[in-house]
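Okay, so subunit A shows up in both of these, paired with subunit B first and subunit C after.
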Partner chain A sequence: MKVIQSHNLSKSYGKTTALNDLTFEIEENTITGLIGRNGAGKTTLLKIMAGHIQPTHGELRIYSQKPFNNLERSAGTILIDDSMMYPDSFRLVDILSEVAPFYANWNNTLANGLFDYFSFNPNQLHSNLSKGSKSTFNSIIGIASRCPLTLFDEPTTGMDSAVRKDFYKALLKDYLKHPRTIILSSHLLSELEEILEEILLIKQGSKRLHLPVMELKELAVGIRGNAQILQPFVEGKELIYREEFAKDNLYIVLRKELLQQEGEVMKQKGLEVFPISTDDLCVYLTASNKGGIDNVFKKD
Partner chain B sequence: MILNTDSIKPIYLQIAEWLEVEILNNNIQEDERIYSQYQLADMFTINPATAAKGLNLLADENIVYKKRGLGMFVSPNAKQFILTKRRKQVLEQMIKGLVVEAKRLDVSENELIKMIQAFKPVGKEEEHL
Partner chain C sequence: MSLKKIDPLSISLRLYFYKLKGYSVLLYGLILAQIIALLFSLNGISYMSSNNGELSVSVNTYSASLVIVFSLVWIFYTAIQLTTKRYKRIEIPLVTNNITGHLSDIGFLMTACFFGGLTSSLAGVLLRVIIYFTFDRSQVIVDQFFLPFIDLLLGAAVSALYMILISAIGYLIGVLTKVSMAFVIVIPTVILGLLRVYADFVQTLVAFFTRETSFPLFVLKVLITSMLLFGFSFLLSNRREAVQ
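Take a look at the complex of A and B:
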């Protein structure tokens, strides 16, 4: 069943376009990674899903309903981000007990277990927490609420790497026992790709890719070697990335399906053919048209 | 349990290969139940869909078989099949790379064979790597 259906979704802030004609669907009880560079529109999209803001054009439906101004939807959705506000006078223990009644599936045992594991002091004020501790605390709420639609906007900002690993592990373990639809946004795919089923890659508000994360790893290949040998092989083919380096050296990235049997021949001619890491591929797919940072320095 | 996340090899392949090694090492016997996709997801901290793809890979090759409602079990002869397959696929691939690299470095066929014969694995652990 499709939980999220987005048709030609656009959002503008004044003259700035944040989302541009996004059409996609997300299946129930899957974990999807929403990946994009800074300013790609990830937060805007999550806020529309959570019903915090309205689209400018097109529509997005959650369980066939528009989320904006919809009480039923907001009871079944939680958006965890770093702008969550709590009353200044609330201690952490107060926040946990006040949040609980809002969510039907809230699990106190889990919330307290995680709270103790991450060594929080119940009497501390939220405003006094460090950046990473705030993220960790908010994530506990995100996991323990067990909302049918759980949205995390860059949840690991400021967390140290041990906490990050524990967070992803806790989220996955609870998901295995209590499946729900989860969307995690990040600019760094590598740290969460193992727990994902699907990836939605956006660039400047438009969809670039939406596919099972397993397919992403096998989508493209990189070829490196002597330019004269390599060039004839890729003539006329659409390249995802191309870089000339050193003397007569060429590095290109292209879709694997464009290569077929030539891969073996290339290897025998001394070219290196290798898979592309998902992180690198995402960088190539979302690169601007300005030819990379090197070009800035070439002008001297 | 730790996966090699830096490896370019897809996770589901790493899962399938890990299960094959478990079978080769007799940690899972023939006709014994193999881990479920949810157990694997929990053990390796991976998405259950990824784990399922690894298991299905083994099912496609008849290394495991499905029993309706009971899960997947290791096929009789699975061990022999894995051995034959690995000799053919893994070893042949490695040899291909070896020969190409030897050519690039101007190592003659005889020299290469001598180098292979001269190499002796140290200790018992090495054999399993």
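Take a look at the complex of A and C:
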């Protein structure tokens, strides 16, 4: 069943376009990674899903309802981001007990368990938490609320690597026990890909890719070697990425299917053919122009 | 999977209790404002003296009305506060939409008004007690000094009702400034302009509430006006994105 259906979704703030003609569907009970560069529109998309803002054009439906200003959708959705605020008079322990009645599936044991595990001080104020602790605390609420649609916007901002790993584990464990639709936005794809099932890659507000992670891993190959030998092989083919990293040395990335049987021939001619990590691939796919940062320095 | 129907009223009620606990800090502001007003009132609100050579008479009038004025200022400020982004953000981690957000805000304001009306009326009693024990009792004119219980209740109710009216105005102004920042300039300009050009109209408008002698009629006037103001605030913000 499709939980989220987005059709030609656009959102602009004044003259800036945050989302541009976005069409995609997300299946129920999957973990999807929303990947994109800074300013690609990830937060805007999540806020539309959570019903905090409404699209300028097109529409997005969640369980075939429009989420904006919709109480029923609000009850079934939670968006965890770093702008979450709580009244100043609530201590951390109060927040957990006060937020709980709003969510039908809230699990107190889990919330308290995670709270203790990450050794929070129950009497501390939310506004006094460090950046990483704030993210961790918000994530506890995200996991324990067990909303049918749980959205995390950059949940690991500021968390140290040990906490990040624990968070991914906790999320995955609870997801397996209580399946729900989870969307995580992040740019740390290398850490995340183990728990993700699907990846929605957006670039400047438009969809670039929407694939299962397994397919993305197999999507492209990289070839490195002498430019004169390499050039004839890739002539006329669409390249995902191309970089001349030294004189006469070329590095290219292209779809695996374009290569077919030529891979073996290339290896015999001394070219290096290797798989591309999803993290790098996403960077290449969202690059604004070919050549990357090196082009800036070439102009000297 | 569709969720079972969610009842807006029960959600509003849950939000109301959340806000009641969460915004208790705001009530400290009220208590502080009333204490300051009471301290000012200890000096008397007006002083009159006359002298004909042989006899000199000086009259100092004491009243706790300044406490009510300070409470009105506080509720006005609080009502505007509730419409700000900071307070709207507090609703975000919870289950809410525009209507439940507004209803729980109004519920919180009503409670604050009830509390403020009661305490400002009681501040009048406190002022009397302080005067009774600190002044030479023979110099206190007994007229209106001993407050009948029914008057105390009436005082509390009337000040609470004024606070409700002011909170509705403050809330609407808060919502208007969210619609457009231009209102920050437009509203004071319009008020000042009205005061200068249509002074009679403003006087009639103020008298409409302040000169009413029948209590039930006053209740009706205040409640209907406040409901209209709150309703207007709701209509203005219903399709708007509270937090971007």
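Here is the rule we use: the second predicted complex is superposed on the first by the 298 of 300 C-alpha atoms of A that agree within 3 Å, B and C clash if a C-alpha of one lies under 4 Å from a C-alpha of the other, contacts with A are read in each partner's own complex, and residues count from 1 in each chain.
Going forward, a contact is a pair of C-beta atoms (placed from the backbone, for glycine too) under 8 Å apart; a residue touches a chain by one contact, two chains touch by 3 or more.
Since the structure is predicted, the reported quantities are computational estimates derived from the model, not experimental observations.
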{"item": "Partner chain in contact with A:R224 - subunit B first, subunit C second, else both or neither", "value": "neither"}
{"item": "Partner chain(s) touched by A:P148 [first = subunit B, second = subunit C, both, neither]", "value": "second"}
{"item": "Partner chain(s) touched by A:N70 [first = subunit B, second = subunit C, both, neither]", "value": "second"}
{"item": "Subunit B versus subunit C as contact partner of A:M84, first or second or both or neither", "value": "second"}
{"item": "Larger contact residue set on subunit A - subunit B or subunit C", "value": "C"}
{"item": "Partner chain(s) touched by A:R61 [first = subunit B, second = subunit C, both, neither]", "value": "neither"}
{"item": "Contacts of A:H210 with subunit B and subunit C, given as first, second, both or neither", "value": "neither"}
{"item": "Partner chain(s) touched by A:Y103 [first = subunit B, second = subunit C, both, neither]", "value": "second"}
{"item": "Touched partner set for A:Y13, first subunit B, second subunit C, both or neither", "value": "second"}
{"item": "Touching both subunit B and subunit C, residues of subunit A", "value": "none"}
{"item": "Partner subunit C, residues of subunit A touching it in the complex", "value": "1, 13, 28, 51-54, 63, 68-72, 74-76, 78-79, 83-90, 94, 98-99, 101-104, 138, 141, 148"}
{"item": "Subunit A partner contacts - residues on subunit C that touch it in the complex", "value": "1-3, 5-6, 8, 11, 14, 18-19, 21-25, 86, 89-90, 92-100, 238-239, 241-244"}
{"item": "Contacting residues of subunit A [partner subunit B, same complex]", "value": "30-31, 168-169, 172-173, 176, 190, 194-197, 212-214, 217-218, 267-268, 270, 274-277"}
{"item": "Residue ranges of subunit B touching subunit A (in the complex, touch as defined)", "value": "3, 5, 8, 10-12, 38, 41-42, 44-50, 53, 100, 104"}
